[in-house]
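Order of writing sets the labels: A, B, C and D. Residues in every chain begin at 1.
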Amino acid sequence: MKVGIIGATGYAGNELVRLLLQHKEAEIVWLGSRSYIDKKYAEVYQNMFRLVDATCLDDNMEALAEEVDVIFTATPQGLCASLVNEEILQKVKIIDLSADFRIKDVSVYEQWYGITHQSPQFIEEAVYGLCEINRDKVPGARIVANPGCYTTCSILTIYPLVKEGLIDGNSIIIDAKSGTSGAGRGAKVPNLFCEVNENIKAYGVATHRHTPEIEEQLGYAAGYPITLSFTPHLVPMNRGILVTSYATLQKEVTYEEVKAIYDRYYGNETFIRVLEQNVCPETRWVEGSNYVDINFKIDPRTNRIIMMGALDNLVKGAAGQAVQNMNLLFGLPEETGLMQVPMFP
Amino acid sequence: MKVGIIGATGYAGNELVRLLLQHKEAEIVWLGSRSYIDKKYAEVYQNMFRLVDATCLDDNMEALAEEVDVIFTATPQGLCASLVNEEILQKVKIIDLSADFRIKDVSVYEQWYGITHQSPQFIEEAVYGLCEINRDKVPGARIVANPGCYTTCSILTIYPLVKEGLIDGNSIIIDAKSGTSGAGRGAKVPNLFCEVNENIKAYGVATHRHTPEIEEQLGYAAGYPITLSFTPHLVPMNRGILVTSYATLQKEVTYEEVKAIYDRYYGNETFIRVLEQNVCPETRWVEGSNYVDINFKIDPRTNRIIMMGALDNLVKGAAGQAVQNMNLLFGLPEETGLMQVPMFP
Amino acid sequence: MKVGIIGATGYAGNELVRLLLQHKEAEIVWLGSRSYIDKKYAEVYQNMFRLVDATCLDDNMEALAEEVDVIFTATPQGLCASLVNEEILQKVKIIDLSADFRIKDVSVYEQWYGITHQSPQFIEEAVYGLCEINRDKVPGARIVANPGCYTTCSILTIYPLVKEGLIDGNSIIIDAKSGTSGAGRGAKVPNLFCEVNENIKAYGVATHRHTPEIEEQLGYAAGYPITLSFTPHLVPMNRGILVTSYATLQKEVTYEEVKAIYDRYYGNETFIRVLEQNVCPETRWVEGSNYVDINFKIDPRTNRIIMMGALDNLVKGAAGQAVQNMNLLFGLPEETGLMQVPMFP
Amino acid sequence: MKVGIIGATGYAGNELVRLLLQHKEAEIVWLGSRSYIDKKYAEVYQNMFRLVDATCLDDNMEALAEEVDVIFTATPQGLCASLVNEEILQKVKIIDLSADFRIKDVSVYEQWYGITHQSPQFIEEAVYGLCEINRDKVPGARIVANPGCYTTCSILTIYPLVKEGLIDGNSIIIDAKSGTSGAGRGAKVPNLFCEVNENIKAYGVATHRHTPEIEEQLGYAAGYPITLSFTPHLVPMNRGILVTSYATLQKEVTYEEVKAIYDRYYGNETFIRVLEQNVCPETRWVEGSNYVDINFKIDPRTNRIIMMGALDNLVKGAAGQAVQNMNLLFGLPEETGLMQVPMFP
């Protein structure tokens, strides 16, 4: 299976390279990077010294479509939508790590992202690639919209309870915390070491772009439209997303009842680990792996339930999930190349 | 003014020493530490080399009461209550950094802390030393219950809006994040560098001891009992607490209306900075100082308001507030010795 | 191949488990841990949840020898030497990650480590398992003395130049920097997050135990006894060792000449990457992998050469090298289970 | 005393502001910053909210000279030299935190910095402002060349022993480690959080610009020209420089003899703390203060001495030393505004 990556020199791109090098069925044949054209990839990412000999290419999707079976686009919002066309889609599968094809309502996309969608005609057919939920729909897709990092963690954490009607969808508050690799490799003052280290802050309060994506997907599960609060925070660590979410219970439930629901949805999932009672998810336990760790706590005092989830934003939150979608697209066992054991410390 | 510290070798104790060395009216004459009796203080905290010549003493409060004007107890829960008595209180002021005298209902204290209170007879007279709210009551007190770090940040952030009836007290959800110095200097595996670094986790979910303290104080402000959700998180940084809190608005309000309320309550406060519109509090901007930075964001989509606050857990969240209380007790200008400019980076 | 680990709950033990789970020929059948007997391993290391079902056992080496083909001892100094005996060695291979069998002169060992060696009779036959140098000797060994983390990095960085007589062995100064996982998982105040974070310090100056091990091995290469300076430093990061070493050149040399020497020694080594000119080794580029990155800089002003090396102290500096030795012992390709791509960031 | 700062929005500039706000004799009247002209200073550095009301101005040194008594230039190399002229120097004192006037031999400056010096005529009269060594020369100066951060730490650590002829100046090797604030606030990929965090690297090996500055000053002390090795490293922490330096002893000495020398030179110095035997300097113990902590270890095995020093690069390594020089220039007690107690953790 020949693979091309557009946007190979971002952190998610580098993680794709790491995972694909260890994937026995995939061969990377195109490392696209506007910023580093003609530079050796291993000079941009020295961890790849002697492992990747290739030089960065431009992001010519038409040329690329001739050479590969699947294209990953790990690029800024809008780029994938501006490059893709019918001819390309007839030759190659596209797994888009940007948000371009995640939101079905193009006006919602354009409002939250502040850009005009360049190929709205493909939105309908694109499959939202949250494998554990849309597993059946991925194989036939031409475009897989790979979910965002905050989104994957939020949705998987909350999904079973909203689906089962156990919680009030409009009472959901998601307080999320992310490592700094989620902010990308762009040279910006706010992402300098001394600005991020020894600090925690909220950002994008009540306006973050992942909000409508979470609302849409949880709305499907609930069967009614959901409006929720989502607040991301920047944490002084490289990797990891932790979601702490709150919702009002629709009825009195026991630990065992809720645990049974989570187990029913996720008990057979390779990459979702529902933890044991009173064990809180922590990002360190999933680092470097494709796992999502999930747990919950019922608070009878407030009639709320606190649902928590942790994942590695570059793996299950980006590159790992993209590879998982690739496996689904090509009929490979879903966990192929993704069985990395979490690395601690 | 002669000062004694019991529990001088914890992080809060060391911060008290730092602040009091720069306080022109205070002289430290007793550094109590059970764990390091007879050891030079500057060997325990090498930053004090050549600044503190004293040797650690035991925690004999009766002897200490003869020698000093005020005692700070920066000790584990229960110790202050077990040492204090009427005779001592007639000789000396006590500023207790533990939780022993913070909660008026002794049964609530005993339930959440799991210990029997050794001197409940002094709870009633103890003043809850949140200076900005109880400023008038502190001067006459014999015991000041110095508020907790999470508590100070949570209450000050939310207080004006609950006091003004703008939000529903029982809708409050507080998602708090703390640096690791809040966990103390005890040698425990979960606080090792490699366990905390590159990680974020929630802990004490729905059961953390600061919950009833926040509920009690906000309940006074509201005029009705409040039950709320409080979730602390451990962040890989030394200092700082960030509170992100959510509540449902009781009516439609504008930014200007809410800003006016905050300004009315805090506009003249030396140590509370209500930030400008859309600027989120960040812990790095208050580090080393006694400031609390506060701001809010109205979310019309969900009819909620997000209130945020940041402080340095060892200063305004512990030692700084204790010194502020000492200043009030002894009729000094409240900011004496506390005008450290926040240090960045 | 059945594997037992004694000391499985230290950081090196956990890393052994991580690597062996991904090793297709190895099966872990015994997880020994004095501190956590009868506790589920995945409760001690939550990253192993659902991956390791086993419960911690004691460190009965005799019983263990009946069940496995190879024993890894990742234990404090002295323990392996106190457990091993002839009977055990006739049944099983031992790869000792402690220092017990690294130093041939037992009096040097006893002097630097301050303990009496319990089985000096096995020192002679033990093979110093620095695979790139002693590759031929490992296969027949009964005991492999797995080199220390500082040692592996120091020796591999300097070895070719001392072997070729290019530098004066007694002019060598090694200034080494280590991540904190090297200090182990013991609950000690100096290893708490707040003590290590935002700090750098030297320790064990002129007295660190790895000194004689480096001197012995480099002395073999030089053909004469070497006395050198070695200073370790503690760096606020989880993993990684960086060695910056200095030596006086014996003659004038060009970059190309020195590069040719390094290439001659290491050009065919899977796990040693001699970097390109002027690229300094950095620990981030080898994290999670078994690679050592090496480079050098000639300083004609001082007639010195600066030799630099970087590795992951838990992989090539401990567990990875141990697995590499296991592969050699059992005739497997040396890189089996060790081809993890370095993970960045 | 009216003060102007050119380059006020770098990290050293912000630290100057922090210190001068707490200096009872100084008033900041000009905050120059090319990058942020017309922007409120407190928007650039939110820690200064409500403490600094001023707006950033340009770097017009001539206009500034009319308004202030002293100008601090915390600017890139070359800028101060390009702005200064005789007229300005007749009106105002200049304390230059860049390297422009540190090196007496202009050709050495031009070679190492790769720029042409714009006002070599002032080099001769400029005083090298290492207060503890050149205290007597500062008061009469018009230009004070404020020493570099690595330089201050290196020179103060080694000075007494080279001055006393105890060590061979040409045997000196300085292995230095710096926090990341030393790299400045410029938006560059290598200084992003994810690039610095969890990493240590050497840089500028055998070519770093602070080398000739150290060589010149130590050469004065020795009485002969010195060529030495200097290797800086980047450490994942905000502040702090640690110097570990090695030299060959000229004769056999005891601990007491060397200690007596250090005490003779530094015993009366307010800001130099010679530590007790076997206590290594650590950056955490001086953070936020103007102290330099120094100690040494004799290694009879190698006939070397290891000299170690630690300081806060933004205080004693930049802004603090600049204020110390200002105090000397204006006849104030040297420690005015500089008695901050080190902040830990």
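Here, a residue touches a chain if its C-beta (ideal position, glycine included) is under 8 Å from a C-beta of that chain, and two chains touch if they have at least 3 such contacts.
The structure presented is a predicted model; accordingly, all values stated were derived computationally and were not measured.
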item: Farthest chain relative to subunit B (centres taken as mean CA coordinates); value: C
item: Between A-B and A-C, the pair joined by more C-beta contacts; value: A-B
item: Length of the line joining the C-alpha centres of subunit A and subunit D, rounded to whole Å; value: 46
item: Centre-of-Cα separation between subunit B and subunit A, whole angstrom; value: 38
item: Separation of subunit A from subunit C, taking each centre as the mean of its C-alpha atoms, in whole Å; value: 37
item: Subunit D: positions in contact with at least two other chains; value: 11, 181, 194-195, 197-198, 236-239, 282, 284, 287, 345
item: Subunit D-touching residues of subunit B, taken from the complex the two chains share; value: 11, 14, 17-18, 21-22, 45-51, 181, 198, 238-239, 273, 275, 279, 282, 284-289, 293, 339-345
item: Of subunit D, residues touching subunit C in the complex; value: 170, 173, 175, 177, 179, 194-195, 197-203, 205-206, 227-229, 231, 233, 235-240, 242, 244, 246, 280-284, 287, 297-299, 301-302, 304, 306, 308, 310, 345
item: Sites on subunit A touched by subunit D in the complex; value: 11, 180-181, 185, 187-189, 191-198, 236-238
